[in-house]
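Common to both upcoming complexes is chain A, partnered first by chain B, then by chain C.
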Partner chain A sequence: MKTELSGQMRGVSLLGGSAIVLRVFSLVAIDAPEAWSASWLSVLLGGLLAAPALLPVLCGRGRAVPGARRMPAAWPGRAACALLGVMSLCDAAFSARLFAALVGYVALTDHSVTALAAPLLACALLACLMGVGALNASAVIWRRAALALAVLTALLQLREMEPGWIMPILGPGWPQIARGALRAAGLTAHMLLGMYLLAGDEPGRLAATLPKAIALCAGAVLLFGLLIPAMPDAPASRLFRIELLADSGRNGFATELIYVLMIFGGTLLVSFELMTAAAALHAVAPRLPAAACVAMCAAALAALAFSGQSGQAQALRATALFYPMSLAAAALASVQPKGEAA
Partner chain B sequence: MMRRMLAAALMLGAALLSACSAAGQVEGQAFVVSLAIDRAADGRTVVSAQFPSYGAQKTQSEKGKSDYLVSSGTGDTFEEALYTLGAVVPRALNLTQIKSLLVSEALASSPAFADILRTIKLACRINGDAVLVVVRGEAGAFLAAQKPLIGLRLSDTLVTETDRYERLGTIPRCTLSGAFYAIHSFYGDPVAPLAALAGSGAAAEEPQDAAAGSLPRTGENRDEYFGAALFRGGEMVGRLTGGEMQLLWLILSGRARMTMELAGAMLEVGRIGGLQVRIDLSGEAPRIDVTFEVGVENMHENVDEEGVLREMTDGLGRLTSLCQSLAVDPFGYGRRAAAQFPTVGDWLEYDWRARFARAAVNYHLTLRRINV
Partner chain C sequence: MPEKPDKALLRNRVRRNLAENLAMIRTVMNMPPNGDVVLREFRLKGIAACVVFLDGMAGRDTIDEFILRPCLQRAGETGAEGETLLDWLMQDVLEINGIQPVCLLGELVEAVLSGSAALLVDGADRALALETRAYEKRSVERTQSESVVQGPQEAFVENLKTNVTLVRRIVRSEQLVNESLKVGRRVPTQVAMLYMKGVAREETVALVRRRVNAVEAALCPGSGYLQQMIEDHPYSMFPQMLQTERPDRAAASLCDGQVALFVDGSPYALIAPVSLFHLLHASDDTFMRWQYGTFLRVIRMIGALISLFLPALYVAITTYHTHMIPLSLLTSIAETRARVPFPVIVEILFMEASFYLLNEAGTRIPNQLGSALGIVGALILGQAAVEASIISPILIIVVALTGLGSYSIPDYGVSMGMQLLRLAFVVMAAVWGLYGVCLGIWLLCAYLGWMTSFGAPYLAPVAPRRPHNADILARWPMSAQGRSLFLASRRDWLKNRTRGARKGRSADED
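For the complex of A and B:
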């Protein structure tokens, strides 16, 4: 039993870590490139800022109890889960739309977002129905394949990299770096809380996942910065940034690798967030069957992803709120109501 | 059991959902190999596209005709011309496989060029790896003269020939994306290959002093790539001859091994190792010291080493003065200088382009003989 639990924690840790790498990378490389070539500093700073969100959870009483059972134990836990569920659901919709745009970019004709996002959402729903174990196994494969492909991509692109393009080192300056860091911290913190909810609160796992994921993500963003210079007067629209991402693979083969990585990873990311949202809903309303929670969250996710309320502008506005919401959720999760045993 | 059935239904649904809207078929696309943009005498813009007519049956009288079609559209703006072109080509114009973008010198020298490049990059879903070429004369005529040489496919010919000329050092490497980045970032200026139809200019006395269209030559291939177009921001402001471009390559890359005429001898020359650049920004005008080693392969004992070095140093000095007089930095010194500033705002405030025009640039070359 202990081994099984430990394996699940490891799997969730890999899945959550991969989701953090991919989501934060897609945020600073595509949706919010405000810190330009200094985006890697935003990622590092975001990682530092995300750590305090975990402290109340990690240092709270009764931490040996798995998070999934502890967080909803009383009203503070339920409130934390409600916040986490809303964030996960919204971010799953933002991610689904973003990755649908990536797929649309390589399609030969223009497709509707519904046509592009629906298979992704169906896969996510399928993954949730299969359980966290199946998703964890995919994450293990993705992480290994991703690392191998990322190294190959970097080697193919070596001649195109310009170290001078990450200079001046602070890019547009500290205010923009800090703004990017807050967004990155919000995304990272809410995913860490999601991991805590899905697989328990083994402090070592959560504490070890954060630096690894942030280091990998900052490295990927830094490499991207070596391939694309800062362009202050170029548009920051999602489609143009996707075009730049494809451009960063000026070697055609490398472009394909980047897309394979992003699109496969996108399925994992959306699945992870849908699963987190369903687990949060189940914690808030324990009487609802788990399958019903998954179905309700999937329906809400589809409605949000297909509507115009999950585009780039909405995603940017919402992700700016994720950091304070994650801090609040973490604080609530660590509250021990009076009269309740540790 | 219920869960398995649901999973199976979802998998089937996911497969079907991917065909929710009409899928694009390769047969429905006209994959453009080369695109040319001209400014007509009346100020209107002409866009010409060259694409393969694969699979088309030819009649006996058409046997000698090219396998590539050329269509063009005219409009008051680039967008309008492209719209016209799209209306006359019986397939969707697809620029994802394009190999070269040809722009006439007249258009490249106008302020409109930067906007056109921006439109192409942002709206046309174009292959960023395509080569940007500035054509002396009509770009459309140059495009029409392109044909597969030593092989069957024009796309291969275009890629192979530009690679070959880059290796000779007589043209720069300039992709569409590279030019777009250079124009919209703040480190330096783009340099694009210069091309022309053979014989369109007066034949030069010395080949290395020629620009495209003025090489003394004959042959089947009428498209000539030689020299470079210098840009300041998004506007072409000057030209480099093939020989000047070779000197610029010594600064840009250590990869090229080029045949150059120095001290009266034809020599195989290339930079060895890295470029040491020291940039002192403490004064009103920057001081730039560039040090590198030049390798010369199989140099005959009679060749004057000092003369070779002097000629190269003088040539680099003249090239730098030319660029300074045009206030352009194709060398990439700006990219190195930017590292001395903490933020982009500080760097932009320094106004590199204006300062570079007044900079003292000194070249320190040493020569190494390389024998096989």
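For the complex of A and C:
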């Protein structure tokens, strides 16, 4: 089996866009709910903040970022890839742990998080070994199914929605909204860089993906906000938030639909992050075979996800750093190495 | 691999001495004990000659009427010898349209084995292979596995020439090319590769040709063998070629830029490349009005999804996600399951095994006993199993729906693949509930996205996206079907095939 670490931007943008929607939604809905009813505003601001991180790439100066099609010739590109790879690996571990916790809460209560994360990681590893094209195809199917399920879920819960619960719009206050926006921006920016790494061509499509993904995510968060009241004093634990998410609709069937959406999306997200990490490793060490890169990243991901270093607290601390790290990676990517033609 | 007997002998050239040639033929054809090889010796104005043929494969009447009689009647007209005599026979005497000079003994034997008669003349270092094939063959009959309500009813047969003719009768174009290939190193089988020049992509045609020529197997008894030997992913559960017994479907595929392979002895055409969506389409869809076609397709897709996922969803929901079920139904299920001592997974596997058993028995059982099988299936496995509390009644509904779903899939290979995958999904659902089903779906999608059929993505034109007609899930009106298939050449001369249809109609109305 030949593992392809690069694909067409059209497919990658769909995969990455879906991953952005899922990751940012799961962050503001489950792990970091500080902005509560104004989370959708955090998402929108996060999207705006993420855009400048991509300016060097979009302006065509990101030649040091190798993309998967071009091998890096200079150290800035390799450094940017290394940074991106570490972020992707960490985020994949956080996501795997988060979705394992969701599964554990909703259905498999007697399973440990490790036992639940293992099949997710195995599944992501197998999917990544099939290459970016396989992930893209899965993402296409996921998008169609997810849109249908999301619309169905929203329709089923339409009567439960309370517009009053998102009022006043700036209720939680600017500091909370800004903190959420920073995290959302970090996740968005590093995923956009990952998309560029996986595809390399047509960077202009990144610009089109960003607003679509952010709008979709903000819409989903807004709908979610209409279903649960703001509870600033409630426990901020992941399980409590999952309980809110799962029981938000007070409709058993809708609850399970949300669960299916999130789990199916979880596999997409972890696969995308793993693939990005593998592509970054391949860019840093081009002599390593692609399949070996995927396997090594999967091993590192498993070690991280099964350890205690990928829980909610660690995820929150790390994601706060993602934005400056992504900016740094983008800055490194825009460095024009001496002697290389523009 | 052990050497084929008399391999060295088969490489020999045809000798000038007829007796030597006949001795070699006797050795190669194992005479005696072989009794169906006929060597009819005669003389042409004093020169010894012989007609060699296989009784039953070659037409005795043809040989008598058009070879022996002209030869014997005009034997006295020439004084030529050897090569000149052969030329004279070809040009002036033999009343056969297919004559092929052969120089090697192997070629001569192959021609005789395929039903031709070989004419050998003393003094000539060539022989003549004469087209006299007249073996028994089935006549063109109605389709068995791809029946349609509206549309042509004839099906391919086991004869290669008949099959090619059936296609040529539909596609009357000089651009339809019929390339003759052979597979089987030791026992060669004739293969016909058909494609539309200028419509099929040249690289696809070259790839198919290369793969067929690269087959190293000793023999290839049928299209199923060939399919497995030239597919991109031989370990996959999904077929990557379409097997059809309908000439009209093969013709439509050729006009779409696909390549058709016919194997002598197989009543099927192999179409490549294909996508998964081709395998879920049926001929009916095209012959009916677009609304009916779309409706049937949607039903078929639902059937395919039911076939793949229903048992797994039943296991997952009744085991881990009971709150998805409305309370009244949940109570009813609980009541019916109260007396069943096994977990749901055991029930499902028991019923699935019974279903497969019934299916297999139904395929092998003589027609006269078919009704008995129905009684066994319905009474013993259904009613008795419920009464014995081995399974719950609702499970029978689940398995019956699943069975109906799998029968609605038009391609047998896809149907079988889905039946096997269904078991994997059931096991994943039993272990992890909906989580397992979701993981399985993700992996399946990735796998299908990774697969290719002769280089074409298996999920195209959906993933990756390719420009295409509105004819994947829904089928829109014919006027919207103007594009070529994404598999066709970019400079396809059959492009815009339906454009102008409406314009023509308007002109008539005016």
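Keep in mind that, in the parts below, the second predicted complex is superposed on the first by the 322 of 342 C-alpha atoms of A that agree within 3 Å, B and C clash if a C-alpha of one lies under 4 Å from a C-alpha of the other, contacts with A are read in each partner's own complex, and residues count from 1 in each chain.
We take it that contacts are C-beta pairs under 8 Å (C-beta built on N, C-alpha and C of every residue); 3 or more make two chains touch, one makes a residue touch a chain.
Note that the structure is predicted; figures quoted are calculated from it, not measured.
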| item | value |
| --- | --- |
| Combined model on chain A where chain B meets chain C, clash or fit | fit |
| Which of chain B and chain C A:Ala303 touches, first, second, both or neither | neither |
| Which of chain B and chain C A:Arg10 touches, first, second, both or neither | second |
| First (chain B), second (chain C), both or neither touched by A:Ala313 | neither |
| Which superposed partner A:Val140 touches (first chain B, second chain C, both, neither) | second |
| Which of chain B and chain C A:Ala208 touches, first, second, both or neither | neither |
| Computed vertex angle (chain A) for partners chain B and chain C, CA, steps of 10° | 100 |
| First (chain B), second (chain C), both or neither touched by A:Ala118 | first |
| Which superposed partner A:Met130 touches (first chain B, second chain C, both, neither) | both |
| First (chain B), second (chain C), both or neither touched by A:Thr267 | second |
| Touching partner for A:Leu155 - first (chain B), second (chain C), both, neither | neither |
| Overlay on shared chain A, then closest C-alpha pair between chain B and chain C (Å) | 5 |
| Intersection of the chain A residues that touch chain B with those that touch chain C | 107-108, 119, 123, 126, 130, 252 |
| In the complex, chain A residues that touch chain B | 36, 105, 107-109, 111-112, 114-115, 118-119, 122-123, 125-126, 129-130, 162, 164-165, 167-173, 228-235, 240, 243, 246-247, 250-252, 291 |
| Chain C contact footprint on chain A (complex, rising order) | 8, 10-11, 103, 106-108, 116, 119-120, 123, 126-127, 130-131, 133-142, 252-253, 255-256, 259-260, 263-264, 267-268, 271 |
| Touching residues on chain C, where the partner in the complex is chain A | 320-321, 323-324, 432-436, 438-439, 441-443, 445-450, 457, 459, 462-465 |
| Residue ranges of chain B touching chain A (in the complex, touch as defined) | 3, 6-7, 10-11, 13-15, 17-18, 20-26, 28-29, 92, 94, 121-122, 125, 128-129, 175, 177, 181, 184-187, 332, 335-336, 338-339, 341-347 |
